[in-house]
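Look for chain A in each of the two complexes below; its partner is chain B in the first and chain C in the second.
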Partner chain A sequence: MLKIWSMKKEQQKAENAAEGTTGVAPKKKKVTAAQLRVQKDLSELSLGSTMTTEFPDPDNILSFILYIEPDEGMYKGGRFSFTFNIPASFPHEPPKVLCREKIYHPNIDLEGKVCLNILREDWKPVLNLNAVIVGLQFLFLEPNASDPLNKEAADDLRNSRDGFKRNVRQAMAGGSVRGETYQRVLV
Partner chain B sequence: MKVKITKWNAVATWRWDIPEDDVCGICQVHFDGTCPTCKYPGDDCPLLSGKCGHNFHMHCILEWIKQDSAKGQCPMCRQRFEWTEQPSETSMDMTQGASDV
Partner chain C sequence: MTSTEVHPASEPARWVYLDRIRTRPGPSTNPDVFSPEAAAAAMETMKILVIGAGGLGCEILKNLALSGFKDIHVIDMDTIDISNLNRQFLFRQADVGKYKAEVAARFVEKRVKGIKITPHNCKIQDFDEDFYMQFQLVVCGLDSIEARRWINATLVNMVDEDVEDSYKPLIDGGTEGFKGQARVIIPTITSCIECQLDMHAPRAAVPLCTLASIPRQPEHCIEWAHLIAWDQEKPFPQLDKDDPEHITWLYQKALERAAEFNIPGVTYSLTQGVVKNIIPAIAATNSVIAAACCNEALKIASNCAPALGFPEANYMMYSGNDSIYTYTFKHEKKDDCPVCGQLARNMDVDPTWTLRELVDSFAARPEAQLKKPSVRAEGRTLYMQSPPSLEAQTRPNLDRTLVELGLEEGQEIAVTDPAFATVTFKFKLKFKQ
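Then we have the complex of A and B:
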């Protein structure tokens, strides 16, 4: 009969001894909690037809790029990319998300910082990466003028939805809005 | 017919005595498995049940609750996360495999 408990003890003893003698060099690199969780999240990601991911370093799943090409709404026809950097404390801390293009959007500032509640104050560890990408996609379908990061864009949206739409088209084509030149993101 | 049992092997399984059989919302690992920092499931890596009815690996939820940003709230329902005593009792399902009749 297998003696599981004594096997377990022996195994632990052997491990402790190994750690004691080798000191710094463990034989296997430990997979961190964040990596484990990200791996699960990535396998459950539903990107649909409007999103793709890219891993610049295939060995590092904690850092990747998400491309969004909205197929409806005012930002249709654009291609936007976001860098995802996932801290070691994930899922207790949210991923760090930045827009790589300079775009005209009330909830994304000129440096690419994104205003999305679940990326900041409303983050909780039961949320997953899917919730974040759904949130980002939603920002392109329904930009909201309350709680803005780009105040001018938010004012434009509040004052005239049609005017805002025209500005979005102009900015996406690489034009200027209110003296600020934006990056061309049309595909 | 007379039967004489000469040898028998007992097999036991265990699972946490909780209504739903699911994964920990924080680490997404099964309740019967361990949190990412533990190696052996069971008493080494117990569960903690909140009064709101949500369960987590104890290590996972304590890691969350000690953060300021958690505001003491359950990550599932955002109610105050409170717990009474731990459900440390495991329910034993005994399955006997008798052999050698």
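Then we have the complex of A and C:
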């Protein structure tokens, strides 16, 4: 059998021997890697004044709601909420994020699916929850017509920024745009 | 040097060549650790654990048995499916529906005399550290990153710096189509699976907007049916990927979409493959990777040659996509690895302390000196400084005692602090009597 002991000693020599610890103790449940990572991400979260969170079950930090109230841009005055469901495979896989309201936005469809590159094709384990939150905030400042999930909204934005702006106001007030009724999100 | 006869003349000739390898030093053998008698004796008595009895597992069990390991345990929760039979060669048609671990163990025992294989038809999570402690070596042939992370974290946490036997080398094999990898992990000494998490590229995903607006490939149409059309129409309350009726619905939707955009190639089996995320398993890749893994097991057990990770290269990647290519390199340990970067330290606490006293004590601990610590235990949020809503929700906990909060002797807690963005401190609570 291999000599782990001698290997360990060599390593310690190289590292200038860190202080030792541990005795034999009964082992208890350990915090899982995904939870550790989320805890770390949450303690580094910078929400600013436009965002708040809500944890239905504070013991389950893998599931929460994020509220965004943009203070500038076309969606100013609205309050939007997103459910975050973080899989056990996080950060290998991205969090699952859904918009809870039916809103008029070129990158969010009527079911609440969000087209944000880092939530899907460009997710990397080095990214964190803050990156996702900044990404969501950015969607309200700069809706993007070139990658549409709501094709009608994207067409409107491309055709006339002013017309699109009017539609956004109308939809946020709970009105209809092109026959589709949206949810009132004004605060 | 003369070779040592390990097997009596009555044993089959199949061991002759094995003994030539493990009882004779080669050009790379380290003479300080190699002893022909010890090598064979170690393998006779050593207990080795195989995790997974699928494509890789069948190969690994067969290889280990033929490499002279005598006491093998195997864990697999799955039962045999007819689609396994093309490559999982320890199974026959009559075995369909039976437990993989069970059937594989009996098959190999029958073919290789004198070895014992103990099957466990369950999940790896069903066992605790006491179970894993009995093995000297763990070989994984898994198809899920989840399970790999779990066994990795378990083995890392089992390390007791004062007990050599608590270091369980982990040999991990993995394959995906024509590609694969074999690596050796010595918990806390070499880089662990969590350190190497970014080596597993997530499956290339297509942007949702491409699916929604400009599909180009049959897969895009299927993904559209799966991710968008299903949610819009909800033909059944819950998508069951094993229900042919559900797959048929997705297939029909994908066909309609493909017709609309003039994309050929949507078939029922492609639909099934895309939706269930099936990666074609290739028998040849499995056998190459399993061979590499078992070779490492033989080297670790016998010291007949230096194994991966001793001390340099610890990761071998293999690609059969364009001819055959392997590359072996050293994956460095990560200092900020949440699993092996910071091992749990014992922390003496008084169970009658309030959580506030515990939190304040972190500021005084010389190795931590945490000013804004957030504290959690498994499945339990004790106190979080951020975000504000969670802080408000957990603040009442500060005035409760550790006992009132349900914390126990030996429980592990994780402490984070924005001032130490890259590190998670872990402590094991030791109650003062």
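Keep in mind that, in the parts below, the second predicted complex is superposed on the first by the 158 of 187 C-alpha atoms of A that agree within 3 Å, B and C clash if a C-alpha of one lies under 4 Å from a C-alpha of the other, contacts with A are read in each partner's own complex, and residues count from 1 in each chain.
The rule we apply is simple: contacts are C-beta pairs under 8 Å (C-beta built on N, C-alpha and C of every residue); 3 or more make two chains touch, one makes a residue touch a chain.
Here the structure is a predicted model, which is why all the values come from computation and not from measurement.
Visitor: Name the chain, either chain B or chain C, that contacts more residues of chain A.
Guide: Tallying touched residues of chain A, the top partner is C.
Visitor: Does chain B (first) or chain C (second) touch A:113, or do both, or does neither?
Guide: A:113 contacts chain C only, not chain B.
Visitor: Quick one: classify A:58 as touching chain B (first), chain C (second), both or neither.
Guide: In the superposed model, A:58 contacts chain C only, not chain B.
Visitor: Figure out whether A:138 sits in contact with chain B (first) or chain C (second), or with both, or with neither.
Guide: After superposition on chain A, A:138 lies in contact with neither partner.
Visitor: Between chain B and chain C, whom does A:126 touch in the aligned arrangement: first, second, both, or neither?
Guide: In the superposition, A:126 touches chain B and chain C alike.
Visitor: With the two complexes superposed on chain A, say which partner A:40 touches: chain B (first), chain C (second), both, or neither.
Guide: Both: A:40 reaches chain B and chain C.
Visitor: Residues of chain A that sit at the chain B interface in one complex and at the chain C interface in the other, please.
Guide: Comparing the two interfaces on chain A, one with chain B and one with chain C, the shared residues are 1, 8, 32-33, 36-37, 40, 91-93, 121, 123-126.
Visitor: Taking the touch rule as given, give the residues of chain A at its contact with chain C in the complex, in rising order.
Guide: Result: residues 1-8, 10-11, 20-33, 35-37, 39-40, 42-45, 47, 52-55, 58-61, 88-89, 91-93, 107, 109-111, 113-115, 117, 120-121, 123-126, 147-149, 151, 154 of chain A touch chain C.
Visitor: Where on chain C does chain A make contact in their complex?
Guide: My answer: residues 33, 42, 46, 128-129, 136, 145-146, 149, 153, 157-158, 160-164, 167, 169, 186, 189, 194, 197-198, 200, 202, 204-210, 212-213, 227-228, 231-232, 300-301, 303, 307, 310-311, 338-339, 343-346, 372, 374, 376-381, 384-390, 393-394, 408-414, 416-418, 421, 424, 426, 428, 430.
Visitor: Which residues, counting only chain A, touch chain B once they are in their complex?
Guide: 1, 8, 32-33, 36-37, 40-41, 91-93, 121, 123-126, 128
Visitor: What residues on chain B touch chain A, complex-wise?
Guide: 9, 25-29, 35-37, 40, 60, 63-64, 67, 69-70, 73, 75-76, 78
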